[in-house]
Every structure is written in C-alpha cells, then in structure tokens.
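Here come two complexes built around chain A, the first alongside chain B, the second alongside chain C.
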Partner chain A sequence: MSALLQATDLRRRFGGLMAVCDVSIEVRPGEIMGLIGPNGAGKTTFFNLLTGMTRADSGTVVFDGHDVTRAKPEAIARLGLARTFQNIRLFGGLTLMDNVRVAGRVQARHGLLSGLCFTPGSRREDEAVTEKAFDLLRLVGLEDRADHLAASLPYGDRRRLEIARALALSPRLLLLDEPAAGLNPSEKLGLADFIRAIKERFDLTVLLIEHNVPMVMGLCDRVMVLNFGQMIAVGAPEDVQRDPGVIEAYLGGDAHGAA
Partner chain B sequence: MDFAWLLQSLLNGLSIGSVYAVFALGYTLVFSILGIINFAHGAVFTLGAYLTYALAVGRFGINGLLADVTMPVTLPFVPALLVGAVLSGLAGMAVERLAFKPLRQRGADPLLALVSSLGVALIVVNLIQYLVGAEIYSFPADIFGDLPMAVIFQIGGKPVAVRTIQIILFGASLVMLAGLGWFIGRTRGGKALRATAENADTASLLGISVNRFILGTFFISGLLGGLAGTLIGVSFGVAGPYFGVSYGLKGLAVIVLGGLGSIPGAVLGGLVIGLGEAFLPSDMSSYKEAVAFVLLFAILLVRPQGLLGGRLEQKV
Partner chain C sequence: MSGFFENYGFLIVTIVQQALLGLSIYFPLMAGQLSLASIGFYSLGGYVAAVMGTHPALAPLREALGFWMFPLEWLGALVLSVILGIAVGYPALRLRGIYLALATVAFVQVVNVAVLNMPIAGGAVGIFGIPQAFESRLDYIWFFGPLFLLALFLVWRIGNMGRGLAFFAVREDELAAGAMGVAVTGNKVTAFVLGCALAGVTGAMSAPFLNTWNARQGTFDASVTCLAYVLIGGSRSIWGPLCGAALLVSLPELLRPLKDSRMILNGIVLVAACVYLPQGIMGGLAALRARLSGRGGAA
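Right, the complex of A and B next:
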C-alpha cells in the first residue's frame, strides 16, 4: 500500500542549529508510528514541518497524494492532517463545545459567514456540526461540561479536549505531541487504550511523539528515532530497542549536550 | 445643577458616547486579532462621512478636483448611510491589504504596521483634500425629511431638548453594538474569529483561514468607522479632511480607558467619555477635547489595565 505521508530529505536549520537534517520517512495508512528521541532531537520541529507551521529549507512532504511542502497550515488541516501540542493550546475563552465546533466548521460549505443561519442549509449544517461536536465530547467524557470555558478545565481533561478538537477535523492522520506528558500513571494506562480505540473508530493513522518508552513499545507498530535532527533508526519497536545507535543516543555522552 | 440639566446632559452624553463606542470597537476588533492599533481607522471615519455626504446630497464641494461634479442619483439618508458604511468597510479591507498584510507576510515587526497604517491614513486624508477641498460640509437640515429637528419636553419648568439626530445616533449605535455582540458571541463565524484572536497559529492548524478572517475583521472595523464618521458628521458637520484626526485620538483614549482588546470595555469607555464631555460645565466647553485624556489619566492611575481590561496574555 502506498504511503499516506511521505517526507523526503526534509531539512530545517535555525541559525547554526540543524534542527531537522535530511529526514525521509513514510507513514503507512492505518499504522501507529512512534517518534522518539532525546530532548532537542528535532521531534517537534519535524511536526511543525509536516503541518506547515515551519517552512522546510529543502525536501518535500507529500500527504495523501498532495505535495504540501509549501502549503498553508489551514490547507493541510483541511486535507485531513490534525495535531495536538506538547504544551496544550486550547482556546481558553471559548466553551468546550465551541473549541470543538470551531474546528468542525472547516467542513462547512457556506464560507466565512457560515453560521449566520439565514438559510435552512446553513442551519442544518450548524446543527450537524453541533451534534458531531457533542459526540466527540462524549467520546472523551467531557459532555457534561460542554458549556464550561476551556480555561476552567484541569490539566488531564485539557489533553482529552485537545484530542476531541483535533478529531473534529475528521483527520486521516493524527499527530500527537507527547500526549502522555503530565498525566498520572492511571491516565497514562488509559491513554494507550484510548488511542487504539479512536484509531479503529475513525480509521486513523497516528504519528506520536512520546517519551514514555513502555507506552511506545506497547502501542506502536513502528518507531522512528531522531537524534540531533537526524533519523538514526526506524523499524519495529523491539528492533529499534536493540539498535546500538539508539542505545548510544540515549545513554551515550553526546546525548547530554542535546537538551 | 438642576434636574433638567442633568437629564439633558445624560441624554447628550449617551447619544454621543454610543457613537464613540461604535467607532472605538473598530480599533478593538483589529487590535484583538493582530495585537496592533490601526492608525488608518480615523481616516476611514472621515472617508465614511464624505461618502455618505456625496451619496445623500449628490455634491462634492466647491474647490477640489471634483468641484462641480454632481452625482446622477442621490439616496435617502438611511440607504446612503448603509452604502457609505459598506464602502468604508471595503476601504478598511484595502488598508489591510496595503498596510498590514504585506508586512505580516514578510515576517516584519508588527510595530512597523503602525507606521504603514499611519502612512495610509495620510494618503487618504490628502486624497480627500485634493478631490473635494478642505472646507467644512454640513448635511442639509432636511436630511431626515419631515421629522422635526427636536422635541422639547418641560421638566420642572425647564426645557429638555431631545434632538432627532440624538435618537438616530443612539438607535443606530445600539443596533450596531447588538449586531456585533450577537455575531461575536453567538455565531460560528464569530467564534472562529475569537479563536483566531486568541491564537492564530492554532486556529490555522484547525483549518481556519486566518487571512480571510483578518480581512473580514478589517471590513467590520471599517464599517463601524465609516458609520461613526457619518453619524458624527450629521450631528456636528464634516469638519474638513482632518475631521477624523481628533476623533481618532479620542477613540484611542476610549479603548485604553476601557481596556485594550476588550469589547465591553470599548462600549463602557465610549459611554464614560461621552458622558464626561456632556457633563462638562458650559463655560468650560472649549476644553472638551481634553476631557477624554483627563479621564484616561485618572482611570489609568487606579486601574492600569483599563476599566474592563483583563490580564495581558502572553503568547508563547
């Protein structure tokens, strides 16, 4: 099967720092792929390149058959690539419901002033978006707080809301940036099951950055490893775990300078 | 200090203050989405007044390039006001395209847009002077048709005048404020706008076309500015191409006093300054222009963030 996402020789430099250096990777439809590496390895920059938030110096990104190397973030999002953030970015001044509905509105056909509800078509669409948003809130167990402001949520719930909001885009590929960060042990355990469940239910492909090694090993079909911006390994979790270069990156002296 | 005077001042203050609020909201909308002041807003205010004048009266003045040119058709006041406001909204969009977007897309320091918007403002003002001259325009007294100029009530043996224009100022402002409040608070477009204002990067990752929303914001901002310019122009006359400068400064005082970026703050700030001016004793009325800034300093001493300003959110 052809790749859903294909990055080829992707490179980005920040001043003297080579944040991502000639990384090539294929993400296949339906897989859960892990992205690991020491702090400062370029993982989040790699996500930013894929989503159009950061421009690549060279290389290409092809998503679902479209060359999105120079595309705007909103165009990439509409093609079905959604992400969450390591430092959660909700719209604190909007309710939970509106956080999800705002993302859902890109499916709208009625443009900038959609939701003005002047036509039966736009009203029906508005209702459909609301219904879908409510379903997503129920999925993450936040439906009883749909009217609360997102800023009022405790930390663990914010992560779940951010995932619900990403799902409102009806993505084909979901990028999760450290979804387990800051969660307590029981929440972490539930998270792996939750990711598997939404993958099945929404027919997703998942690429996730994670530091929690047991979770990555248990959850992911394949794992890629970045170190100093370079991809040093990719493959099945158990193979990557035995790779000498990976062990060196995590335990060797060089890694300490990379933080 | 009698009751009739209080009532008259309250009426004057509320009607003019509500127009200040409408005008200042134009600054607030752009500020909340871009984090900068659009200095061309005062020029759009002036432009709106001239456009409505041309549409309603059909003439362009007596010594500019367009002197002696007459419009083939004239509109009644209300349609002229609406068309003038929409044209001002389009002018607002042009300001975004000329002064803001080119700099933003090249990653320039946002503060540079202050200078470029000031430049656009000067060009607009000079263009107006070139085209229609510098004299003061007054809307004709019969602009509202058969409506009386004012209705006089006797309160405790003293007269209180309710001018027709005051009712129109207050009514039009209330409609605009309510419409804007409904759009921002209730509709999905308004919520996407708030999301964009809170974090444009995140909004774009959720598929929201940030540039289209910014353009739409400038349209609404220009619409509010042009409408306010017309209302003030009808009330006091259009005092030449530089008409918008002092109102532009007053509008800045309104938004800082109310709290930068706060929509309720802009409304409250407009009303406070309008009432402050109206309650100024008549022998001090030549100092009216100073009232806004005296109030501003007094309130900032107590509340540096403005009346309804929240904490300043730092974007990471």
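Right, the complex of A and C next:
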C-alpha cells in the first residue's frame, strides 16, 4: 500500500539550530501515527514543514501523489491536509459558525462576483457550507454557541472548535499538534475516544504530536520519536517504549547507569 | 428648507465625498490591512478626469459624448486604479501592520512627486477650469450618492456572504487562514484593489466637483484625515466612515462662531473621541446599546 504522506530527508536549520535533520517518514492511509519527543525536539517545525508554513532547506514532501515541498499552505490545505495548532489559532473575532465556515468553503466554486450578484449557485453553496459547519459544531458539542465569538470560549472548547474547523476542510490527513495540552484528565480520556471516532467517521489518517505518553500508547498504531531534530525511532508503541535510544532521550544519558 | 440646502448643500456633498474616501480605507481593513494609499489613487483618478476633461486633443471626443464623457472618465480612473493597485498591492502587501502603512505613505509621496513633474498634469499649478457636470454643486450628490450606496452595498454584501469570510479570516489570523485553504495574498490584494478602485473613481468624480485639481489633493495630511474618518467613526461598522466624515468635515464649520479658537476645540474633540471611544463612534453606540439591552449584568 502506498503512503498517503511521504517525507524524504526533510531538513530545516534555524541559524545554528538544526531543528529538523534529514527526517524521512511514511504515513500510511488509515493509521493513527504519534509523534513524540522532548521539548525542542523539532516536532512542531516538522508539522510546519509538512503544511508549507516553513520552507524546507532540503528534502521533499509528497502528499497523496503531489509534491508539496514548495507549495503554499492554502494549496496544501486544499489537497486535504488539515492541521490544528499547538497554541490554538482560532479566528477570535468571528463566531464559532464562521470559524468553521471559512474552512468549509475550501472547495467552494462561487467567488466574489457570483456572491455580489446573488446568483442561486452561490446561495446554495453558502447554505450547504453552513449546514455542514453546523453538523461539525454538533459533532464537537458546540452547536448551542454557534453565534458566540470564538474568543469568548474557554480553553477546552477552543481545542474542540479548532478540530471542527480542521474537519471542515474534509481532510484526508489530519495533523493534531498537542490536542490534549491543557485539558483535564477526564477531557483527555474523552479526546482519545473522540479522535478514534472521527477517524472512523471521516475515513481519516491522523498524525498527532502528544506529550501524554499513556494516551499515545493507547491510541496510536505507530509512533515516531524525534530528538534534537533527528528521528531516533519509529514503530509500534510497545517497541518504541522499549527502545534504548528513546529511554535515553527522555530520561537523560545516565538513566541506564542509575537504574 | 431651500435656504438650508443653499447654505449647507456643499457641506453635505463634501461629507459624502469624504465618506467615500473613508470607505476606500475600510475595504483593505476588512482583510486587516492598514493602507493609506487611497489618497494616491484619489489624486490619480482626479488627474485622469481633469486631463480627459480639459486636454485639447480630446475635444472631439468630449463633443461627441457630451455628458457621457463623465462616466468615461470614471472608467478611465477605475481601470488605472485597478492596474496600479494590483502592481502596488502584490509587493506592498507582503509587509504587515505599520510597515504596510509606511509603504503606502511612500506610494502617496511618489504619486505626488510624479504628478508635480509631469507636464500633462500641469505641474504645481495643476489643472483648472475642469468642465462642470452640473450647474449647482449640490447636484453632485447624483455622482457621489449612488457611488456611496454602491460602496455600502459592497461592504454589506461582503460581510454577509460566505466568500467574504475569507477577508475576515485573513484579518483575524493570516497563518490560520492559510492553513484553512484561504488564499492569503490573493484576498489581501483583492481587498486592497477594491479600496483603490473606489478611491480612484471618487477622485474622477471630485475633479469636476472641485473645478481645479492639483498635487495638494494627494498629500500625506489628506491620507491621515481619511484614516481618521474610519478610526473616529468606527472601523468595524459600515456606517463608521460616514459617521467620521460627517463629524470631521462639519466640525470646523459648526465651530466657526468660535473664530480662531475653533481649531483647538476641533483637536480636543478628536482626542476625546480617541480616548473615550476607542472603537469609534459606531463602536461606542454598539457598546451603549449592549449595555442598555443587557440589563446591566452582561460583560
């Protein structure tokens, strides 16, 4: 089976810091893949490289048969690669509904002129997008606040809205950057089930960054580990958990001696 | 009543004309772009109309078209504004916030120096004796009024249709907008060019209205005044630019009895508006309405 996403020798340097160093990885259709690593390991930079927000110094990214290494973020999003952000980036001054509708218009064919002329096509398109957005808000349980401003939401609800917004792109691959950060324990448990549910329902492939190791181990089919920009392990969660290199990266160089 | 219009007709038409310039700044602001370039396009649009209205080589065309020469002037200004807007917009809109504002101020200065040195634009004297469209200045409301309604319709419709959301998404968060499939640069340039086109056509209508046209129409001061219409009136309401223009254009007239001290009071009103109405007059009214209807409790 061919990979949905294939990164080859991806490299990005910020001044003297090698943020991502020759990382190659395949994400297979239908899997949930975890990306873990200590703080500053280059996880978010890796996401930014995949989504066109940071340019790679070298290497290639192929998504669904398209070379997207030099593509703009909006072009990559339109191909069906959606993401959330570690530090949640909602459109704060827009309503929940409009946040989702922005993304829901990704395949829209009716533009400015069509809308200004009130063409029936643009009206139907707006209605369809609105309906889909409402369904997504209901999915994440925010439909009763559809007309509130996104900035007014509490933290946990913002994360859910951001996922709803990403799903509105009708993505094939969903990148989640620390979806459990800042959630309380019961919310975290619910999140793992939620991710599994949306994966089934929307036929998604998921790549997620997460610090919560139990959640990663329970949720992911495969896990890749970054440390100082380099991929030090990839494989099934239980194998990665036993990998000496991973243990050393997480617990420090002396862990073996002290244990 | 007729006495009222005789005295204040020019003022009312000027308010609508200036509100159009305010709206031309409002368009790029919808996509979060603070541009002061409008006055440059206003100036150029005015020169297009002034040259088309007075150049001897075009006399046969004017005779043939009669009144229809004016719409042709608007069209000329529109085409020039759109082309120049795209040419300026693509490089300038790579800059953000204050840097974009500075770049657009520079554009206004370039236009100013360029027209001062172009023989066809009449140098420092400018172009005068521009043919009038109407006998009375008041009748120019038939130029500015429909254009104003059209601009209001555009702002309203963009705010209410799905396609318009892309502008607001770019305003709220460029990075997230890109990640959600919104063409960031394209939307910025579109919003910017809409503003340029409106300013250009307003200029083309203003040249006959003001009878003469010179480089003083496109100064930095005028740019800042236009921005003040939007900021004082309210940058998140479609009525903001009209409100701001009405206040700023009429204030010096209303305070005329105070003679020389009126400009001081004018300044005090502006400072007070900035301090006490940070969201502009329309923003202040909206907050007041929310407080009255919210039974005092809602934040």
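Miscellaneous remarks
One rule holds in what follows: the second predicted complex is superposed on the first by the 246 of 259 C-alpha atoms of A that agree within 3 Å, B and C clash if a C-alpha of one lies under 4 Å from a C-alpha of the other, contacts with A are read in each partner's own complex, and residues count from 1 in each chain.
In this section, a contact is a pair of C-beta atoms (placed from the backbone, for glycine too) under 8 Å apart; a residue touches a chain by one contact, two chains touch by 3 or more.
Small disclaimer: the values here were computed from a predicted structure and weren't measured.
On the superposed chain A, the two partners chain B and chain C do not both fit; they clash. Legend: residue contacts after superposition of the two complexes on their common chain; A:87 is shown touching chain B, with no touch to chain C.
Of the two partner chains placed by superposition, A:60 touches none, neither chain B nor chain C. With both structures placed on the common chain, the touch criterion links A:169 to chain B and to chain C. Contacts of A:241 after superposition on the shared chain: neither chain B nor chain C is touched. Of the two partner chains placed by the overlay, chain B and chain C both lie in contact with A:102.
Contacts of A:230 after superposition: neither chain B nor chain C is touched.
With the contact threshold set out at the top, residues 51, 53, 72-74, 77-78, 82-83, 85, 89, 91-94, 98, 101-103, 105-106, 108, 112, 114-116, 126, 129, 165, 168-169 of chain A are in contact with chain B in one structure and with chain C in the other.
The residues of chain A lying in touch with chain B in their complex are 51, 53, 72-74, 77-78, 82-83, 85, 87, 89, 91-94, 98-99, 101-103, 105-106, 108, 112-117, 126, 129, 165, 168-169. Interface residues of chain A, counted against chain C in their complex, comprise 51-53, 72-74, 77-78, 82-83, 85, 89-94, 98, 101-103, 105-106, 108, 110-112, 114-116, 122, 125-126, 129-130, 165-166, 168-169. Within the complex, the chain C residues that touch chain A are 154, 157-158, 161-166, 168-169, 171-173, 175-184, 190.
The residues of chain B lying in touch with chain A in their complex are 183, 187-192, 194-195, 198-199, 201-210, 212-213, 216, 316.
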